[in-house]
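The same chain A turns up in both complexes below, where it pairs with chain B and then with chain C.
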Partner chain A sequence: MRRLGDLALKVYVALVLAVLYIPLFAMAAASFNHGRSLLRWEGLSLEWYLRALTNDRILTALLNSFWVASAVSLLAVGLALLAAISVDKLSSRIRTSLHNIFYLSIIVPEIAEALTLAVFFISVNAPLGSATVVLGHLVWFPLVYVVLRARMAGLPPTYEEAARVLGASGFRTFFHVTLPLLGPGIVTGGLLIFTWSWDSFIKTQFTRGPGFETLPVYIWNAVGGRGRGLSPEVNAVATLSIIVSIVLAVLYSRYRSRL
Partner chain B sequence: MKNEVILQSVSKSYDRIQAVRDVSLNIGGNEFFSILGPSGCGKTTLLRLVAGLESPDSGVISIGDRVVNNLPPHKREVGLVFQGTALFPHMNVFENIAFGLRMRSYPKGEIRERVMEVLRMMNMPPEIFAHKRVDQLSGGERQRVEIARSLVFEPRVLLLDEPLGPLDLKIRQKMQQELKRIQRMVGTTFIYVTHDQTEALIMSDRIAVMNRGEVLQVGTPEEIYSSPANKFVADFIGESNLIEGEVGEDGLFHIDGLPPIMVSDMDKNSGVRGRAFLCIRPEKISIYAEAEHDNSVSGIVLDKSYVGTHVVYRVEVGDRYVFTVYSNTSSRSFRLGERISLGWRSSDGVLVKG
Partner chain C sequence: MAVSFGVILPSQSQIVRGEVFTLSYYQQALDPLFLKILARSLLLALSTTVACILIGYPAAYYIAFKGGRYKNLLLLLFILPLWVTFLLRGYALLTLLGPEGVLNSILLNLGLIREPLYMIYNEFAVLQGMVYGYLPFMILPLYASLEKVRKIYIEASRVMGASSLKAFWKITLPLSRPGLVAGSLLTFIPAAGEFIIPSFLGGPSEVYIGTMIYSAFISARNWNWGAALSMVYIVMILVGVLLYMKYSREELRI
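Let's look at the complex of A and B:
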């Protein structure tokens, strides 16, 4: 009976994984297919990768995605650090309400946030473009904040106190002790918001200016604009994008275990 | 003796709880000074006040002729060894010990020399330990590194907050000897906070006993043990028999249901009038089959336990008091229920106020 149960569990897990990952593998496989068809294998080829990586529009989109995600990560880490350190000076009531507001931005549906952001930018006459995209993504900074606070909760105050008594000023205590100890939290939080920014389509689409494409936006335009389904070129970029995401996820879980 | 740390009427409260109440202490140079008290008595707060991690509500704290009330911790030149372990986990042993020197901008070569020297002083060969990670050290080793880290920049005072708390009994006893050796060697003033009265008695030159934020008595271990200032000190330090009674006009101590008791050495007991407690240490009482001695009371053996070095008797006296008596293992043994007499010299009893 027990063995049967074990078997059923294994089959179930295999099915779940299959449903999750087969489409990704299919797409990745198609990106190496010589022909245009998703269904008929016509031989191995790197043709679509070559085409994608010589396509200026794709390269620009890749670059945009990368610098937007990098800028968002750096700024968000900075904001979250400042918030996480200064929040202890507030009374616990204000701190709790602040936390609630922060957490809201993580759970609000992206579409609602995107729409509000677009309305906001238009109403204050902010020219839509790359800056508005970065600002829009920055609304996710509580992601980093949450990770940092979790890390801080696990650090006893004795480290900072020891540093003070050993002769470090408040400033040097922060750079020699607090910051290095928060290191794993900074890396995980940064990676987390990087992947969110890298993957963002809805928010980017609503807050971008004309002509500014990130990778997800390019893929959408390439598919929707031509109305003839996926180009194998898109498969190739999408596969690259997935590889980036997976690498980041692996890094994330590796640092996460150090928390 | 020059006073290294002076506290004058220092008070500190959190919210509405008074953690330290009007404490005045003079702690001399090169002294091993313990602050002893139950948990929550304010001893850790006192230490944090000296370190500068808390600031007093009132009173003056000076370290080496300098008032430090408004000096931040990093300018006080004190070392602080924490309860748990506060070694920086992102630095190895060498870097941890070098931290204080680096913050004081010592040249690289001197930092190296000093770290190696202090490691050797701790009986930790630098070639084995200097590059170990903190998590590769045992509890005792961590504690020694923490002490080394606080001693290496030659602070005026070393503050220790129950540093041996988390260690096993055996390592604890070894570390007690180590600490005494180190203190004698460096000659720095040590202020040692503990709730363990045995530890305080063994290690200290002087002890301050604290309860509820107040210092109740300051003295050498012997003074504190043999002439406790009040009932709390008598009860907290070592074991004692405390019996309530009244000092009579006749100069004798009257306890309900017992014959009047002689208490000599009125120096110790001067000023005690009216209701008071008689304190007699269990090892000062002898058991006899017949009455002897200045003071004697008769009782019945309730309980008897052999603890190796001596035998502990619990004796019921006058139907309502239970005396604890330590008896030599070589002296005559008494049976449970046996009628016996307890006797002690009048100079062995001390009167204390409640």
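Let's look at the complex of A and C:
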């Protein structure tokens, strides 16, 4: 009886996993179909990948996604580092309210945050474009902050104290002791915000200017909305984007285990 | 973030148009039609959360207690979808279930159907898509709290003669409450304002608060109305979360 229950549970978990993955595999499989319509399988081909990667609009979108995510990650890591190091100098009451504000940007749903940011940019007359997109994504920097603080909590202050006692200046201690110790935290936090930025559709859509497209925005413009149908080029770039996400996830879990 | 909230708080954001302070956009939000949409969004979020608990709990239970040497692999398989954006997962559902999708193509080729089936563009399809999207958000916190349940408690209750059902009901389930609370919040809050899934899978009448905010801002360019809607959404979520916290006697820990 108990065996049977375990077996049923095992089959059930396999089913749940199948449901989670079948749509993604279906999309990936469709991207290799030679024909335009999904209704007929016309043989394996890389045609749609070739077409997608020679399409200027898609290439620009890919490049934009990449540099926005890189810029956001670098800036966010810098910002989070400064915040994580200096926050200890604040009184605990201010620190708590600061943390609450930080957490707010993680917990507030993306669409509400996106609209808030857009209204803010418009009200201060900032021209919407790539810069506002980067700034908008940067509001997610608490993600990195949380990871860094978690790493710092696990580090004894002895290392820094030893460096100072042995005569290192504050700067030297920071660059030669603190920063290397925070390394895994920096990489993990950076990967996390890189993914959020890479994947962001709603926030980008609200804060971008006309003509500036990232990959998710391109995909939405090509197939988003009701009854817009499917596009084999989108299947191809979507599959590529998922591969990027999976690589990021694997890297993340490797560094995460060193935290 | 703080600054932007400062801006949205006088949300009717006349700042944008340089008009005077007005509550008229909130008045608009009290319109019965809008209240209906609000109720529908909450209902969708609630059914998504309940469905995710019912479907996710056994899976989380299996990984935590019976995963054995496959535990880490299973965990990874449930984490990976979280790294793929909803936009692509929504579109993937479309390629699978759409009228020209892969499933229809297989069924047509097998001769099981003559005409493509319309499996999407209705409310049930939206719910399916939501559960598909949010399930990992429920399973992971559930797993995390189930993992901490000490087996010895369960064994003790069994030794003292409790049936396995009773042991589950009296020991495992209450001890997994933090995971239930965290998973429900992680699902309910974004689900109430979900935009991507309904716009891929919903029919023309499936309007929710997320799709309304989107079209108010992007299509209609009515920022004030969009800001008022967002405020209603945020306040609603905050009140809901606080009530839930109070009711479930859990502290907000992130």
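Following the convention adopted for this analysis, the second predicted complex is superposed on the first by the 253 of 259 C-alpha atoms of A that agree within 3 Å, B and C clash if a C-alpha of one lies under 4 Å from a C-alpha of the other, contacts with A are read in each partner's own complex, and residues count from 1 in each chain.
We adopt the following convention: a contact is a pair of C-beta atoms (placed from the backbone, for glycine too) under 8 Å apart; a residue touches a chain by one contact, two chains touch by 3 or more.
None of these values were measured; they are calculated from a predicted model.
Trainee: Looking at the superposed three-chain arrangement on chain A, would you call chain B and chain C a clash or a fit?
Mentor: fit
Trainee: Report for A:43: first if it touches chain B alone, second if chain C alone, otherwise both or neither.
Mentor: neither
Trainee: With both complexes overlaid on chain A, does A:164 touch chain B (first), chain C (second), both or neither?
Mentor: Only chain B; A:164 stays clear of chain C.
Trainee: Of the two partners chain B and chain C, indicate the one touching more residues belonging to chain A.
Mentor: Counted on chain A, the partner with more touching residues turns out to be C.
Trainee: After the superposition on A, what does A:210 contact: first (chain B), second (chain C), both or neither?
Mentor: neither
Trainee: Is A:172 touching the first partner chain B, the second partner chain C, both, or neither of them?
Mentor: After superposing on A, A:172 lies in contact with chain B but is clear of chain C.
Trainee: Look at A:127 in the shared chain and tell me whether it touches chain B only, chain C only, both, or neither; answer first, second, both or neither.
Mentor: neither
Trainee: Determine, under the contact definition given at the top, whether A:110 touches first (chain B), second (chain C), both, or neither.
Mentor: In the superposition, A:110 touches chain C alone.
Trainee: Per the contact definition in the header, classify A:234: touching chain B only (first), chain C only (second), both, or neither.
Mentor: A:234 sits against chain C, while chain B stays out of touch.
Trainee: Consider the C-alpha centres of chain B and chain C from the C-alpha centre of chain A, and write down the angle between them to the nearest 10 degrees.
Mentor: Approximately 100 degrees at the chain A centre.
Trainee: With the superposition applied, I'd like the minimum CA-CA separation between chain B and chain C in Å.
Mentor: Distance of closest C-alpha approach: 25 Å.
Trainee: Using the superposition described at the top, list the residues of chain A that contact chain B and also contact chain C.
Mentor: Shared contact residues on chain A (touching chain B in one complex, chain C in the other): none at all.
Trainee: For chain A, which residues are in contact with chain C within the complex?
Mentor: 6, 9-10, 12-13, 16-17, 19-24, 26-27, 29-30, 37-41, 101-113, 115-120, 122-123, 139, 146, 195, 199-202, 205-206, 216, 219-220, 223-227, 229-230, 234-235, 238, 241-242, 245-246, 248-249, 252-253
Trainee: Mind pulling up the chain B residues that touch chain A in the complex?
Mentor: That would be residues 51-53, 72-74, 76, 78-80, 82-84, 86, 88-90, 99-100, 103-104, 149-150, 153 of chain B.
Trainee: Looking at the complex, which residues from chain C come into contact with chain A?
Mentor: 1-5, 7-8, 13, 15-16, 55-56, 58-59, 61-63, 66, 74, 76-81, 83-89, 91-98, 100-105, 108-109, 116, 121, 132, 135-136, 189-190, 192-193, 195-196, 199-200, 202-204, 210, 213-214, 217-218, 223, 226-227, 230, 233-234, 237, 254
Trainee: Quick one: in the complex, what on chain A touches chain B?
Mentor: By the definition above, chain A touches chain B via 156, 158-159, 161-170, 172, 176-177, 180-181, 183.
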